[in-house]
Structure formats: C-alpha cells, structure tokens
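Both complexes shown next keep subunit A, but they swap its partner, so subunit B is in the first and subunit C is in the second.
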Partner chain A sequence: MIFGNLSQVVLGVLLNGLGLLGLVIVTGRVRHRWRAERDARLAAQARPWLLALIGGDDDVAEPLDRLSALGRREWRAIMPSALTLLAQVRGQGHDALALLFDRRGLAGDALRGLSARGAVARADAAYVLGLLGRIEAVPRLRRLLGDRDPQVRAVAARALGQIGDPVAAPDLIGCLSGARQVPAHIVVQALILLGPPARPALVAALARGEAPVRAVVVDVLGFTGGYAGSAEAVPALARAVASDPAEEVRARAARALGKMGTRECLDPLLDATDPAYPEAVRAEAARALGELGAVEAVPVLRDLLGAPGYRVPHSAAEALRELGPPAWEALRVAAADAEGPAGGGPVAAHAREALAVVELRRGVRPPVGAVARVRPPSGH
Partner chain B sequence: MSGVDADALFAAGQDVLVAVNVALLAYFLCVNTSYLLLIVLAARDAVYQHRRESFSGDESVYANPLVAPISMIMPAFNEEAGIAEAVRAMLALRYPGFEVVVVDDGCTDGTFERLRAEHDLVEMPRVVPGDIPVRGEILSVHVPSQGTVPLVVVRKRNGGRADATNAGVNFARHPLVCIVDADSVLDPDALLAVARPFSDDPWRVVAVGGTIRIANGCTVVAGRVTEVRMPSRWLVRIQVIEYLRAFLLGRTGWSRLGGLLVISGAFGLFRRDLVVRIGGMDPDSIGEDAELVLRLHRRMREERADYRIVFVSGPVSWTEAPSTVRVLARQRRRWQRGLAELMWKHRAMIGNPRYGRIGLFSLPYQLLFELLAPVVRLGSLLLLPAGLLMDAVGMAFAVWFVLASYGYGVLVTFTALAVEEYAFRRYHRWSDLVVAAVASQLEGLGYRQLNAWWGIQGIAAALRRTPRVWGVMTREGFSTPGGAGGDGGR
Partner chain C sequence: MAIVLVAEDDSDIRDLIVFKLEQAGHTVLPAENGQVALRVAAGRTPDVALLDVMMPGMSGLDVCRALRERPETARIPIIMLTARAQESDVQTGLQAGADDYIVKPFSPRDLTQRVETVLARAGT
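Coming up: the complex of A and B.
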C-alpha cells in the first residue's frame, strides 16, 4: 500500500521533472536564438560606424557621436565587437575606441567595477581597463592580484601587462607563489609586455624566489634581456645555470641564454656542457649554443656527440646542424669516422641524422638511412 | 520433503527475493543519483566557464611564447581510407608548436602509400631514444621532402595499438604528447583548449582528457566538422546520448572531484617524461588508455606527488561510432574486459587509503557501478519477474523498480540534454532535439540490456583469459558534401 501510493507520487514527480526539463530545453533554445538574431540585427546596424571609427580617417566625430548615442540594447549588441577590436587595433583606431568607451562612461564604470562584490564583475572591469590601458587603474589592479577569485587575479595580471607600468613587476612576480597564485604563462606574458624596465625586479627575484618563480623569471629574462640588458641579465642567468638548486631552473636558464643571443652568453653555455652538469642542463646548453650561432662552439659540440645517452649528443648534433658549413664538416667527419660494418655507433647515427636534415633543407634527398636506437643511460 | 518443509523453503525463497530486489532497487537509485550528481557538478563547471568566457584569455595561450610544444601521436593500422585527410586536418590545427607522428603499425593496406603520395615522404636516418621498450621492430622513418611540414611517419612491425603508441612516444620530440586516433577529427582549437590546463598549472597537471563526440551523420569538409547533426541510425543516436551523459558530463564531474580515471585513447594529452617514467602504455592491456591513467595515478600517489589529472569539456575529438550491432558488441565486450582486467591488475589500490580519492572513491565506484553493472542489470531482468511470480514482491514494487531504474535514468539523461543545450549547443536543428529526447527514452528499452549482455561476455572473457583481440572497427566514414553520405562516406 505504501509502495503503491508512493510510486504514484514518484511517477508524478518524474513526469513533471521530464516535462519541466523539456520546457527548459525548448525555451532556452528559443530564447537564445531570438536574442542571437536580435543582437546580430542590431550589431549589423552599428557595425559600419564602428569600422568607420577605427578606419584611420581623421574625422571620427560622426561615428563617435553615433556610437555614443546608441541605446543600451544596441550598445550591448555591438560591445563584443568593440572589445575585440580594442584588443586588436593599435594607434589612432585604438585611441578612438578608447575615447568612445570614455564617452559612454565605461572606463569610469570599470574603475568602479574593480570593487564590485561579484567576481565576474571585477574581472570584467579589469579586462576593460587593461584593454583601455588606463594607468590610473594600476594601483587597484595590483591589489586585485591578491583577489580571492583565481580568474580575477589572472585578468588583473593580464591587464597590468597591457597597461605596461613597470611598477607592477614585483607584484606580478610575487603572485607566482603563495596561496593566491596567477598561472605562470599569464605572468610571463605580462612581464614580457612590461619589457626591460622590469628587469631589475626579475634579477632580484632570481636570487630569492622559490623554484617555480625562478623558472619563470629566467624564461622572461631570456625574452627581455637582449643586447641592452645583457650586462644585468647574463651574469644572473649564468649564475642560475651554474648553481641554482633546481635542475629545471638551470636548464631553463641555459635556454634563456641561447635566446638572448649575445656574445657574453657563450662562455656560461660552454661551461654548462661540462660532464659535471646534469644531463638536462647539458642538453639545453648544447641546443642553446646552436641558437647562439657561435662557430667557436663547434669543437665542444663535436665532442658532445660522444656523450652517453640520447639527449646531449642529439642536442649537440642539432646545434651543429644550425651552425653552418664549418659545423657540417664536423658532422661529416663524425659520420665517416664511425662508419663500419654495423653502420657506425651512436656518434655516427646522430651526425647522419643531422646531415640528412641539412640535405633536405637544401632540396637534396638524403641517402636512405637506418633507424638507430639509443638506450637511455642507466638509472633513467 | 513434507509440505511444511516445502512451505518453509518457499517462504525463505520469497524472503531472499524480497531482499535481493530491494537491494537491486537501491542499486539503481544509487547509480542514477551518482550520475545526476556528476551532471550537476559538470553543469556548475559549464556555468562557471560560460560566465567567464569573454575574459577567459584563451587566445593568450596561442600568443604565449613559452607554451609547451606538443607531439601528436597517431597510431594507425589499416587506415587507408581516411589517413590522408586525418593527417591533413591534424597539420591544420591551431597551436603555436606541434609535430604529428604517425605510427604505421604494420599496415597491410595502402595507409603508408597514401601518406607518401600526399606528402612526398622521404626516408630519413633517425636516432631514437629507447625510452620505452617497443615490441614491433621499427622499420623506417619518413618525413616530407618539404622539410617545413612537421610530420614524421614511423613504420614498424605490427604490435598493437599500445605498442604503436609507445613507439610514437619514443619518437616524440616535444614535452607533451597528445594521443589521438588515426580516424579522429579534432576541432581547430582543440589543442589550444586541451593544453590550457598545462599552461595554467604546469607544475601539477600531468594529463588532460578532451571530449569525444560522435561524428556519424556530421558533415566533414577538409578535415573539419562543419555541420553537427544527429546520425540517421537509432543505434548510433543512442550512443550520442550515452557519450554525452557518461563521457562528457560524467568525466567532467569526476574531474571536478579529482577522481578522473579514464582519458580516452582518442584524445588525451600527457607529459611525455611521466609517460616514459611509468613505461608507456601496457601492450598486454586491452583497455590500455585507462590503464595508463590509472598507472599514472598510482605512481604519483606512491611518490606522494602533488598532481592533477583533469578533463576539459570544450575541446572535441570527433570519432566514428559503431553503426552495427555486431561492431558495437565487439567494442563493448572489449571495454568491459578492459575494465575487468584493469581492476584485477590494480586490485591493491581498491579501497586503499594510500591512493586517496582514487583508491577510496573512484575505483570502488568503477567496481560497483561500472564493472558489476551488467551483472546487476541482467540479474534484475530475471529476479524481478521471479519475485513477481513467487509473490515475493507485488506490482507496486515492480512499478517502483521500473521508476528507479528506467524512469530515473531517463530523467538523468534529460538533465544531461539540458546541460548540453545551455553549455555546448552543438546540435542546432530542432529535429536533432526531438531525436535526442526519443533516444533518451529508447536507451533503457533494450540498448542497456544488450550492453549488459555484452558486458557479461567481456567479464567472462577476462575470467577465462582468452586471447585478447582488438578486432576491426568497420569504418563507414563521415558525410562530405556531394559524397556518399548517411552516416558514412569515407
């Protein structure tokens, strides 16, 4: 009896639930389509003015007036396109769009939105301010790097990079560790956008940060060091290659030296190919020497072809491949030296593979070659 | 036997049947409730992502100069029909740095010749790190004569999918390896999306799974799914619903709980160094993709590493699903056998607190609600009628039973459809919606029972330890405009 009555109730609940879900699905689809069509129609009407605004014409007064006067609904329809363009265009077009956002009061709204209660509103505000490049937002965006919502922190970091005020560099580095972090790739991009003025903060962080922080810092130094910054960056990176407690940081520092590409990078990289260094660091150093384009490295790289394992000799062969004719000659000698009944050892195999790529790049089909298998070093 | 004894025995039988049927009812309630909870978790995740779409910065991953490059590994066995298009599609993906490694696993058809003709392949000498032991001998390595195309084709003797994947990992030059099927079609931004967790949390994320959706019925142009439609056959339509509920939303939910056990071999991204460290895929496992993930969990837990294995619902790999009962049966037997062997191999982890949520939660769930589900489902088909015949349970109980197993199941699937409609909106036609609603109801009327039967056969094969056979997946291909269509064409 209990089962009977209860099953009727449950059946009713199930049927009503199914009906409700069906209704939710159908009304959701209808509403979504209706909105999408309406927004597309409204956006199509305003889009010519938006394009005229960023078109580079001197007289932007009319499109600016037209777009400023759009109703709330029309503006909501065109705003996603305006934001996309704001992120993509530079120069006059960007300035005109920024003026439009100012006129519509959106910059002020965004500044106020940074202290909104909802995380989505805070992130939205930070996003707009970053695109607008509003330097007055920097202090509050720096505070948002410690926001409780991870996405707000990420958007604030990105915005700080877009605004480009180097005062934010220590805060950006700081949010690579601790309880409220920002993903490293976002911080890297922001720090790269800050450019050389951020270098002192980076060099300082290399001396005291945690391993994941130092790893990011060496990456950024590799991108922002350049010729002008080599006096500061190279010694710091060289120290990291030689003595950082984390192997990953040492390997990344070697890669960064290769990216910087100045003559000062040569000696630390040559040192890092020494057998006393870990395999990963030696392999990165060998590859970086190829990237550096230093022909002086050929003898060292040639010797590395005989190193145990796969990574170091393979990187050395790849580096020699990139260093031009003198290095190719060294590869030919290595390939010929070791030729024997079994086709030579790993040295020859690495050399032959590199030479085959050289030939291919020159449009010459390489001779058919065997696949050589190199066992990982013991303890791998 | 006296009449009294017979009555007592009958009464005892009735009691047992009542107890078993109540347990079965509770089981179905638990299964469906667990799915509902996973879908609710997935829905929360979808709402969270949707609200933050405008400032999510997905494009920033593309612009990131330090993004980790990826080696796409495509093990191929007799994929002549679609390999050229599949590789072309892979090479056209949007990602800052990647290579495609096709492993010709002893193909006996024209797979390699198709690739050679398409890319003017030349044989190259190559040194390979023997990081993972490979059973099938490597025969040759080929690259396009136009050296700028990031493609490597490795020819080896047949050793099975896992062995071919291991060979591909050995040849992979990049720190991340993405394992995909040779007949899959990825969304253009799928790599960017699936790699995002590695960018966001590079020190902890060790593997990421992407979504698998069914491509039958969809239109594919130049290696891209250009129009998503429901397949024409009900057997495949029901699988679309099943994939949505179990593979998309179910795995999203598990990922939120930190207990994801399965990353499909058709679309998974892994850290190469860790795959090497655990010895690659097990060539003796018939469910090698799940086994790899479970072994990763095991190693990470044993090393007390702070790690994450996650699932992302956005990026999609479109794959062809079985469109005949025969092929579907073979696939499901293999899946269930793979699961049974996986559970047996890693039985020490089940219920073991050392393995955290995986040992205490995910594995017991898999054991109870996935491995044993076929037994329970078919058992209920026998025991409920038996209970009714012996007057152990009444019709009211039977109605309850059907409501808990079938009705509740349909409700759960409708919830999944609602989430699909709000979060993903892949199917645009109204007719697709109607088909999906009907398929949700048909799933419980024969399809699940057939699956249960095949599942039991799979478990039996695992117990008997019969030779493992992958079997041939008969491909019908995707619809292409102007081509032979239906669910097929390729």
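Coming up: the complex of A and C.
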C-alpha cells in the first residue's frame, strides 16, 4: 500500500517535472525565435544607413550620425553585418566604418577585451583591432602571440599583419618556433603584409634562426621582393643559396631569388647552377632563372640540359621554355640533336617535352608520338 | 544603364553591391548562389555578370562557364569577385571566360567603375 502510494507520488513528480521541462524548452525556443525576429527587424531598419555609410561616396555625415545614435539593442543587431563589411571593403567605405566603430567605442572595448579571461573574447578583441588597424594595440597583440590558446595566437598574428607595424616582425618570426607556435602560413601572410620595412628582421633571422624558420623567412623575402629597395634581401638570399647549412633552405632561397625578379638576382642564380652545388639547389636555380626572365642565362641553361640525373636538365628545359623565342631556338637545336635509336637521348627528350608545352600554349597540338616524355626516376 | 547579374552568397556583401550599382543607375539581378544566378540569367539576359568565385555548391567559375555556353550570355562581360588573389586563381578565372577580376577586400567605388569599364569595352 505504502509502496503503491510512493510510486504514484514519484510518477506524479516525474510527470510534473517533464511537463515543466517541456514548458521551459518551448518557452526558450519561442523567446529565442522572438529575439531573432526582433533583431532581424532592428537590423533591417538600420541596414540602409549602414549601406549608405559604406557605399555613399562623400556624404556620409547623416548615416554616420544615425548609426552613432542607435540604441544598444539596435546596434547589437546591426553590428555583425558592420563587422563583416569592415573585413570585406577597403577605401572610403572602410574608413567610414572605422570612424563609426570609433564613435561607438568599439576600439576601447576591444583593447580591454584583449585581457579577457575567455579565449574567445580575447580572439574577438584581437580580430576587431586588426580590422580597425589600431596601432596602439600592437604592444598588447605582440604579447598575445605567446597566449596559451593557439586560436588567440593565430588571430593576434593576423591582426598584427593587418595593422602593419614592422616592429612586430621579430615577434612574428619568433612564433615559427618554440612551444607556442603559430601556423607558418599565417605568419607568412602577416609578414608579407608588413612589407619591406620587415626586411631587416627577416635578414637577421636568416643568420640565426633554426632551419624551418630560415626556410619560411626566405619564402617571405621572395614574396616581398617585388618592392623597391631589395638591396639588403638579395645578398642575404645569395648567401643562403651559397652556404646555408640546410639544403632545403638553399633550394628555397634560389626559388626566392627567381621570384624577386631583379637584375642582381642573376649572378647568384648562375653561380648556383655549378656542379659543386647539390642537385636540388641546382634544379631550383635553373627553374628560377626561367622565372627571372633572364635571356642571358640561355647558354648556361642549354648546357644544363646535358647535366647528369633528371632534376637539373628537366628544370633547365622548363626554364628555357619560359624564356621565349631565343631560348626556344636552343631547345629546337637540342631536340634535333638525335643521339639514340629512338630519335634522341634524354637531352633531346627534355627539349622536346618543353617545346611541346610551348606549342600547346600556342594552341598547336603536337602529333601523337612526337613527344617521348622523360620519366623521372622514382623518388622525384 | 545596364542590367547587372550579381551572384554572391554573403548577404551583407550582396546588399552592398546591389546598393552601389543601383545608386549608379543600374538594374541589378541579385542571386544568392550559382544555381539561382543561372535561373535568373535565363529569365532576363544581363548585360554584365559579377560572380563571387567561392560560393557553396556551384562556384562562380562554374557559373561563368555555364554562362559562356549559353548563346544569349556567351558574349556578356563577366567579372569575378574573390578573396583569392594568387596568379594561378586569376588565370583559372580568365580561362573560365572571365573578363576581369576584383579581389576582396574591395572598394565599392572601384567596383562600380570596373563594371562600367567592362560595359564600355563591350559597347553596351
């Protein structure tokens, strides 16, 4: 009897509990939906002013005033769109948005947010400061590169690149090694955004960093090489090609010289085709000569077609292919120089393959069987 | 003034482009993805198309190729809009039949000018 009553009571409590839980869930969902609809309505009201602020050419005073005067709720509704557009537009539209965020005190909030307890809040703050390009945030963002959270470190690195203060270059390079690293591609992008003023730090890192760091550094020097004033970068890369302890760094430095594309890059690359250099470095140097567009390199590249192995002659043929008509003539001579029973040895085969690509690019399809592709040995 | 097809999956960016082009006096056909863009273009032939490269499902490059295959849109100017600025991506876009490339982040004013430039070049 007692047990019967007890089970009824338990059942009743359970049913009431379930009913209450259902009510809480339904109420929560209704409330969430109502809020989403309200925010969408508020955002829709403010949206024309936001578009007028970003897209309006010169007369942005009224939209700026309207958006600055929005209530807290209205601003919260339109802010995600404003942040998205801040990341996607440049020029006057970006400047107008940055002014709006200034007026709304977002930069101050973000600066305070860099010290927040939560990693998401710190990352959000760094993201906003990067978008706004706030130079006063640089010292604190540099400290965030050592944050315990890897996402925060990555966002801080991106933000430092966006702000573009070269003082951050050594810290960014430092993130490539150690216990608290940032993925190399993020660091590379940030360093490229810092541009030529970051070069002294990059050159210094070439002299003392670890091999993986040096490899990334030579890549960045190659990417930023198009800018004027590459005087300090070319000798540093030439030294890396000639004498870096790591073969991978030497090969990447040769590639970087090819990307830089200045006249001073020619001699170090020609030197690096010498048989005294490792095969990987010679192959990269040959390919880089093609990228450099140096017609003076044609005789050297033509000789390299006869180098032993696969990589060096193949790269030399690719480079000749890129150098235009004078180099194509050298390829034709090599292709016609039949040495074997099948119409030529490896030299002719490399040359024919390169010429076939030239023809394809011109829209001419070579006859079937005209090209015996040189197969790389296994491991290439 | 011209009819401009705008395919962009991000509604904020799409709205901004529509606003800017309408402000310049053009009629805009907005589309939130590639399939919708092709449907819209089939209903009303645009004078120029502005296509985001990275859209879910059908990419801007796919839309570009499809527009080039249709006789009525085969010759319209096409501008690609993308966050990818590498040379190889530009080449891929141009090989797909695009006439011009705009890289994000973009200047809304430049975008309008680029649209008008390709229209002038096409004689529209």
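Just so we're on the same page, the second predicted complex is superposed on the first by the 307 of 380 C-alpha atoms of A that agree within 3 Å, B and C clash if a C-alpha of one lies under 4 Å from a C-alpha of the other, contacts with A are read in each partner's own complex, and residues count from 1 in each chain.
The rule we apply is simple: contacts are C-beta pairs under 8 Å (C-beta built on N, C-alpha and C of every residue); 3 or more make two chains touch, one makes a residue touch a chain.
Keep in mind that this is a model prediction, so the values were computed, not measured.
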Q. After lining up the shared chain so the two structures overlap, which partner does A:295 touch, if you call subunit B first and subunit C second: first, second, both or neither?
A. neither
Q.
With both complexes overlaid on chain A, does A:89 touch subunit B (first), subunit C (second), both or neither?
A. second
Q: Please work out whether A:223 is in contact with subunit B alone, subunit C alone, both, or neither, and reply first, second, both or neither.
A: first
Q: Look at A:336 in the shared chain and tell me whether it touches subunit B only, subunit C only, both, or neither; answer first, second, both or neither.
A: neither
Q: Please work out whether A:135 is in contact with subunit B alone, subunit C alone, both, or neither, and reply first, second, both or neither.
A: neither
Q) Counting residues of subunit A in contact, which comes out ahead: subunit B or subunit C? A) B
Q) Looking at the overlay, what does A:55 touch: subunit B (first), subunit C (second), both, or neither? A) second
Q: Have a look at where A:154 lands relative to subunit B and subunit C in the superposition and call it first, second, both or neither.
A: first
Q. Hey, which residues of subunit B end up touching subunit A in the complex?
A. 51-52, 54-57, 60-61, 63-67, 122-131, 138-141, 143, 145, 147, 199-203, 394, 396-397, 399-400, 403, 407-408, 410-411, 414-415, 417-418, 421-422, 425, 430, 433, 437
Q. Which bits of subunit A are touching subunit B when the two form their complex?
A. 1, 3-4, 6-7, 10-11, 14, 17-18, 21-22, 24-26, 28-29, 32, 80, 83, 120, 123-124, 126-127, 151, 154-155, 158, 183-186, 188-189, 192, 212, 219, 223, 309-311, 314, 346, 349-350, 352-353, 356-357, 360-361, 365-376, 380
Q) Where on subunit A does subunit C make contact in their complex? A) 47, 51-52, 54-55, 57, 81, 84-85, 87-94
Q: Mind listing the subunit C positions that touch subunit A in their complex?
A: 10, 12-13, 15-16, 19-20, 23, 104-110
